[in-house]
Amino acid sequence: MMTAALYITIGMVTLAAVLNVCRLIKGPDAPDRVLALDTLYVNAIALIILLGLVLGTRLYLEAALLIAVMGFVGTVAMGKYLKRGSVIE
Amino acid sequence: MSLPLVVFLPFLGALAAPLFALGGRTAIAIASSVPALIALAVLFPFWETLANGDVVVQSYEWLPTLGLSFSFRLDGLSLLFALLILLIGLLVILYSRYYLKSHENVGKFYALLLCFMGSMLGIVMASNLLLMMIFWELTSLTSFLLISFWTHKQGARRGARMALAVTGGGGLALLAGILIIGNIVGSFELDAVLAAGDQIKAHAMYPVALTLVLLGAFTKSAQFPFHFWLPHAMEAPTPISAYLHSATMVKAGVFLLARLYPALAGTEMWFYMVSFTGMATLLLGAYVAMLKHDLKGLLAYSTVSNLGLITLLFGMGTKLAAIAALFHVINHATFKASLFMAAGIVDHETGTRDMRRINGLWRYMPHTATLAMVAASSMAGVPLLNGFLSKEMFFAESLALNLPGLWGWLPPIVAILAGIFAVAYSARFVHDVFFNGKPVDLPIYPPHEPPRYMKIPVEILVFACIMVGVFPTISVGPLIYAAASATLGEAVPDYELAVFHGFNLPLMMSLIAFFGGLLMYSQRQRFFDFHARFREIDEKAVFEAVVARCVNLANRFTGKIESGSLQRYAMLLVVAVIAMAFLPLTNLGLYIGASGLTPVDWPTAIAAGTLIVSAIITAVMHRERFFALVMLSVVGLVVSLGFARFSAPDLAMTQLSVEVVTIVLLMLALYYMPSWTPLETTTPRRIRDIAIALTAGIGMTLVTLAMLTRPFSSISSFFLEHSKPHGGGTNVVNVILVDFRGFDTLGEISVLAIAALGIYAMLKNTALTPPSGDGQGHPWTRDAHPMMLAQIARPMLPLALMVSVYIFLRGHNMPGGGFIAGLITSVALILQYIASGMVWTEERISFRYHNVIGLGLLFATVCGAGSLVFGYPFLTSTFGHITWPVVGEFEVASAMVFDLGVYLTVIGATLLALVSIGRLSPHSAIKSKKEPV
Amino acid sequence: MSLISEYLVSALLLLGGAFTLIGALGLLRLPDFYTRLHAPTKATTLGVGAIMLSSVIYFSNHDQQLGFSETLITVFLFLTAPVSANILAKAAMHIGVKPVRGTRGRPWEQ
Amino acid sequence: MELMFALVIGTLTATGVYLLLRARTFPVVVGLTLLSYGVNLFLFSTGRLVTGQQPIIGSAEHYTDPLPQALVLTAIVIGFAMTAFVVVLSLRSLADHDDDHVDGRRDEPPLREIDETEANGQ
Amino acid sequence: MNDWLLAPILIPLLGAIVQAFMGYAPISLRRTLALATTVLILVSAIVLLILANDGSYRIYAFGNWQPPFGIVLVLDRLAALMLVVTAVLGLLSHIYAVGGADEGNRQFHGLFLFQLMGLNIAFLTGDLFNLFVAFEVLLIASYGLLMHGGGTARTVPGLHYVVLNLVGSAIFLISVGMIYSVTGTLNMADLALAVRGLSGADLEIVRAGGLMLLVVFGLKAAILPLCFWLPKAYAKATAPVAALFAVMTKVGTYAILRVYLLVFGDNAGPLANLGMDWLFPLALITLAMGVIGALGAGSLKNLVAWQVIISVGTLLAPVALGSEAGLSAALFYLLSTTFTVGGLFLVSDLVSSQRGSAADRIITAPKMRNRTFLSVLFLVGAVAAAGIPPLSGFFGKILILQSVQSGAEMGWLWSVLLIGSFLTVIAYSRAGSIVFWRTVDGHLERPARLNGRVSASAGALIALTVTLVVLAGPITRYTDATAAQLHNTAAYTAILQIPMVAEGN
Amino acid sequence: MLDRLTFPQPWLSVLLFTTWQFLSNGVSGASVVMGLVLAWLIPQITSGFWPERPVFVKAWRVPAYLLRLVQDIIVASFSVARLILSPRPPRPVFVAYPLSLEHPLAITILASTISLTPGTVSADVSDDQKTLLVHTLDADSAQEVIDAIHNRYEKPLMEMFQ
């Protein structure tokens, strides 16, 4: 049963990612794109966790943690770029 | 050792010459004559041997691979030339003492003169063709430098370059010819080559070799059509003209004909090529000499003509003709050198060489005039002078030549014509300069006799002309004989160097030439008028124009090809790769290999689709730069997910961290750049690029497919096996990085460090004006450091450090390691910069990133070197398990220290790079309006 | 693994997946940037949280070891999501992204 | 799976090459980045595509080839250093020429045909 | 295992690390330490040359891992020769740099030493991927060095150089991947063995990989059509950097020699002499292009930069033909041309410093200072470069000509080389006569004094060409032996059997 | 030397220690020792980066607040989910919320709370840190939102940060 749930979830998250990419491409404004990217990062975290569950290993958890950290910094940098131009000043 | 000494003494003298130059002109002239005198003294004892037709060879090994040796040879031929070189050289040295002015660079002059003398001796005495080649080109080089001695004169520079181009170029042809001969014979030693004449002449490459060798000889000896450089070489100081361009260097070509006579001569090809070239040159030189108003020009073309005569004689291929040629070499050298010196005196004393201005010098310098007149008579072929003798022999040989049919008339007619011209221009030289009214507006007036010692060399040469002319057998007979036997390489036929051979056809020819010449001279104005109808070609201008045109063409061609367009260069590179890999890949046949395809799962397929779409959008929308950047992030994210999906957790983490730092970096740069790319490539260009890109992409797809579907085995089972027991870690990738292939990693962090240092250096003094607002024209927000961000950034740093420690420590056994840990720390610090600004963050960082980089590299290196102490190679790792109370058992591996080095280098390098860019921002220097909270 | 935990894990997974999907739907469907901002900050974050929790439970059962790394990630996401939203909202206001018609109140000048 | 992976690499290469051939520094850098993604994936895949065989001893029954992973790690890091350098160099070029053209030129009038394409496109 | 093999890598690395720490140290101290490092590199290179001269292969296995599993350094005659060439050139350029060219930023010495380290790794490594890493080390350092010294002129050539080499690195990785994906190994000796038994699609993949690798090496060696980035980049670089770069194209040549003779050599079965049929015509066209470029050059440095292209063509043509005599000739020529070109870059810079705003452009200008000294240096360099007797370039050229004695190759090589020499002579004589002789009255805007150290190093580099002639006998004996060693691949692959340091040593 | 053996930011050290235990996947002797070492060491290094010391006066109120937060997050998510899925268009409002809190950390916590809970996102904090701009996804009036925030979150926070 868990396996079924797992694959359904993977399907849902993948679908979510696709929808996010759609928004990302659609825009229309830069903040929309960054928001979609940020969400995509979160989806990626979910996918990594799910991969760990499929494989029955926890080896990929740190990758998920890293996505969280990097996604945040990336989003912040992009946000700052959009409103301020210089990311580091 | 004595023969090499002869050659090398002048070079030694050349080295010393600048020193003696300090002592004045007399000192250096004396010093310069020493090598020549010693050389003469060294050669003297050989005379007995040589007179018997024997040959002395002294040989030393140099470059056996090449067949090049230091071997020198003294036989009659080389002796004849060596004596010419040394004796006339001595006279020129003496003459130059008075010719040169005290302010001139006499050191350079004598040094080059001696270099030339040595090179010339080298040519004539080398017993190895390659060695001769070396000296051959050296004479071209020294000649170049001597012609351009007065570097401030444009004519001198151009004449010099022209001479170098022609003789140097001919030298290259000669080189090729010699190499071919060497290959045919199997040796470059003269003995072997001269003995292998039949072999050479029978070889298929003989025509090529002969043509190339003759090219060398003809260019050097100014044979038609390469004669044009010689008159322009007369821009050189007159002693140089006398020495190089009449008596010696230009004789190198005919020397070569003589030297290789046994090896190359005696074929029809030789006959036609050499004799016809000689004939053409003989006539052309004589004709033009008549036309020259420049004293030295006249002499120069007369030299061309005489060289043609000698060449023609060698070309005839008969033994007697060859002997006549050798005889004329001596005769021409003596009378022409003396004429040049006389011309030099005239030039020196009047300040001009224009015969239209120089008239009636008999009144001012009768002594010089007398000498010049004797020498000119010899040139004209007046009996009792040496020129007459060899010309007589020439006439005789021209008659003896048996050409088929009407052609038989050609040589004698040419000979007579040339003789007429020779008489005419000699008459002109004498009459125009020393008589013919009064001088016309001379720069130096009144002219008078030169210093005593300046005339001595001329006197000696003129004396020689007379001596040889009157007592040929006594004076040069033995020398000619020795030379002839050396040249012909076999029995010398009977010949007679008599003053008078009776009333015969050659004498008739001489008489015709003499009176015809006088007649021609008297009718010279008609001749000039006749010639004036043709357009005068200034070879120097033509040469310059040709060179300029070549340079121009080359420049334009280079400009076209080396267009400075990166797009083109990159295109070429990509196309080169495609071209190289194309054929093998089309040979692949089936792209799907033995292991076949594995099934696709939907999430992976969707992820792949996302990646493909994102990449394409990145490319299509690249002109909207920020959008492209966001899409690039998606690509990066999916790539790292892909790594995770296909069993590479370490790669996933690394890719992700690197990607974010890269994006930050790109945004830092994008700040200063336009946010839009203008559309500036044409549609065909874009289509071309798309085609190239698609080809590359399809190629990579096929390669990947072919590769992935084929089974393989690698060395990696070793790593999997030894990772834990011998590397002390379960994360095999990490063990490879810090142990099995730790050296790669050392290189890798070096790259990182170098990049950061390079970036820092590059941006040190760079000033960029940041835009005041974004691409849409909105001014930037006031709020540099949003409060919420600053607040969340505070705990991030310590937490990230902790995570770094965690990732670092587990790296040897689990995904992680120094590199990823370093990136986490870096990103946390970057977050501080983003959130609170440069000034705020830098205040809190007490170390220089340079030092962090240095420390990191040092850790890695020292850790690697640690094993050296124990007798193991660099980077040999060790590990052990330690048990502590409470903590329990834990593993300590030396590789961890290495990894710590990686960690530190990554932090230092990443931050140094990013901060260097951040520092460009004007806000970083002045505190922003709103202090960070 | 006990049946209960398996049920729990499955339920959490499905819940997480659903929220993630809803978040994405929201991002796609909502009318303007400011409304779209709500979707990921809440739904998606919670969705991932649920999936994390299922992972914690699963591995705690499976490896007989309490797995807390996931919790850390969740906490991290919850901590940072508002800040990201804040920065992006500020960026949007700076750029002058117009709110959907009918929005009361106005975004601030930046 | 292999075909899909190959297509991914092909796409990355093609887009990377296309951008590499652009005239401004920024797209070139983006192109180089895409290209290096493709190259890294390619190099990685020389160990073939397997699921759940991460080369961590004790974590699986079979392990994938770890060597390509180590190589790619090195390549990623080096690629990062190189990208950073080229980004900064393009900044330097921008500073020196006040233009971000890859050939450093400035204020060259755009091609005529381009104006037309622009006009047609809009 | 001989620890000396490590020295040419570890010495510059440690030296560079020291430089990284010395950001605020006085320049004299930094210079002293940096120069001391370079001297030590030279010493170690000479030691290795002496070691290698016995004709055996020595390896150094990092981490004590048996090849092909670990990375090994392999010392043979070729590697030792390259090390010495690099060290000599490096030292003299470094001395020149210390004369003032190193000012401007503090990273110069560090980058310089890293550059030497990268070069030395490239020459010593016996591992294909490590060769990639070495390339990257030397490239990134060269990027930094290229940009040293400020000014806007070098940015764009630098950018081109960097971007093209980045693409080159990508191609390198792809080819390494293709080769590994079939052979499953990276060690060159092991590769040489693995390649022999290939067939079918495996063979074609490796063939494509090998040919792509040739493109990469061709790019590094600057062979047509991949050479156009070079002239501007080199001409614009700071003089000592340009001089050091004289060896950079030789790395590409070295890599071709190493990889293509060992892995794709005569024994490689169907892959024997891979790509060499391409290389030969390309080398000749490169040579021709170089000559045309030299003829049209507008400045001395540009002229010398094109001379680099000329040497590349001259060098690779005999390499492509691959005979022992040709290889030996190529190596002799390599020695000659590296020093000559390096020296000429320095001389051009000295000339430039003495001619005010005319700099090194081939135009009429007021008479320069120290004309005699500089013109003699230039003359010697030009004679050596153009291949006129009696200097080393001539010997290199006749050795090359001599190595090809029949067939169409002979016709092509001889004609291109000789006509090329002829035009080069014209180019040099034209440039020299204009720059040194065609002067106008007037005064120099920027009178500068020649610095003794700088002049001495430039002179020494030029003088090496004379030394090469004097020592031509022993040198050709060495290059002959090197060529023979290169052809004996069995001896190289035997390194796989060399035992490691025993446990518990 | 001994005076360095203090914990300059005790709350941070607690946070770090706890985090380490989470990361180590289970408490053990090694993890405690390491956790202690890191909890001491890291703040020594980073203390400069957190100049403003948060002063929690009533720390015991934190868990209750957190609990309420988690509860609200879950509720919020369901309500947003419903809104997303329903065809009815949302009724967004920009609300300027007057802040009573002064401490930046406190404001940040409030703003974050707002962002995580029903239908609201903190869009901006005014320069003078007196007003919070809140975007509400679906609300009847601005005042309703202001009251809800004030009562439910700002009051407890003010108690904690007194």
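Each chain gets a letter, A, B, C, D, E and F, in the order it is written, and its residues are counted from 1.
Note that a contact is a pair of C-beta atoms (placed from the backbone, for glycine too) under 8 Å apart; a residue touches a chain by one contact, two chains touch by 3 or more.
Quick caveat, the model's predicted, so the values are computed rather than measured.
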item: Neighbouring chains common to chain B and chain F, by label; value: C
item: Where chain A and chain F overlap in contact partners, by chain label; value: B, C
item: Chain whose average C-alpha position is farthest from chain A's own; value: B
item: A-B or B-D, whichever has more C-beta pairs in contact; value: B-D
item: Chain ID, smallest distance between chain and overall C-alpha centroids; value: E
item: Far-end chain from chain E, centres as C-alpha averages; value: F
item: Inter-centroid spacing, chain D versus chain C (mean Cα positions, whole Å); value: 31
item: Centre-to-centre distance between chain E and chain B (centres being mean Cα positions), rounded to whole Å; value: 16
item: For chain A paired with chain E, centre-to-centre distance based on mean C-alpha positions, whole Å; value: 48
item: Gap in Å, rounded to a whole number, between the CA centres of chain F and chain E; value: 61
item: For chain C, residues contacting two or more additional chains; value: 23, 25, 37, 39, 45, 67, 69, 72, 79-80, 82-83, 86-87, 89-90, 94-95, 110
item: Residues of chain A engaged with two or more neighbouring chains; value: 10-11, 17-18, 30, 34, 59, 62, 65, 69, 76, 80, 82-83
item: Touching two or more other chains - residue numbers and ranges from chain E; value: 129, 133, 136, 140, 143-144, 147, 156, 159-160, 163, 167, 174, 177-178, 180-181, 186
item: Listing of all chain pairs that touch each other, if any do; value: A-B, A-C, A-D, B-C, B-D, B-E, B-F, C-F, D-E
item: Sites on chain B touched by chain E in the complex; value: 61-68, 108, 130, 133-138, 140-141, 144-145, 148, 151-152, 154, 157, 160-161, 164-165, 168-169, 171-173, 175-176, 179, 182-183, 547, 550-559, 561-564, 566, 568-570, 572-574, 576-577, 580-581, 584-585, 587-590, 593, 700, 703, 706-707, 710, 712-716, 718-719, 722, 739-744, 746-748, 750-751, 753-755, 757-758, 760-762, 764-765, 848, 850-851, 853-854, 857-858, 861, 865, 867-868, 870-877
item: Complex contacts: residues of chain C adjacent to chain A; value: 1, 6-7, 9-11, 13-14, 16-18, 20-21, 23-25, 27-28, 33, 36-37, 39-40, 44-45, 47-48, 51-52, 54-55, 58-59, 62-63, 67, 69-70, 72-73, 76-77, 80, 83-84, 87-92, 94-95, 97, 110
item: Residue ranges of chain B in contact with chain C within the complex; value: 774, 776, 778, 780-783, 786, 788-789, 792
item: For the chain F and chain C complex, residues of the former touching the latter; value: 19, 21-23, 25-26, 73-74, 76-77, 80-81, 83-85, 89-96, 111-116, 119-126, 133, 135, 137, 142
item: List of chain E residues in touch with chain D within their complex; value: 129, 133, 136, 140, 143-144, 147, 152, 155-156, 158-160, 162-163, 166-167, 169-170, 173-174, 176-178, 180-181, 186
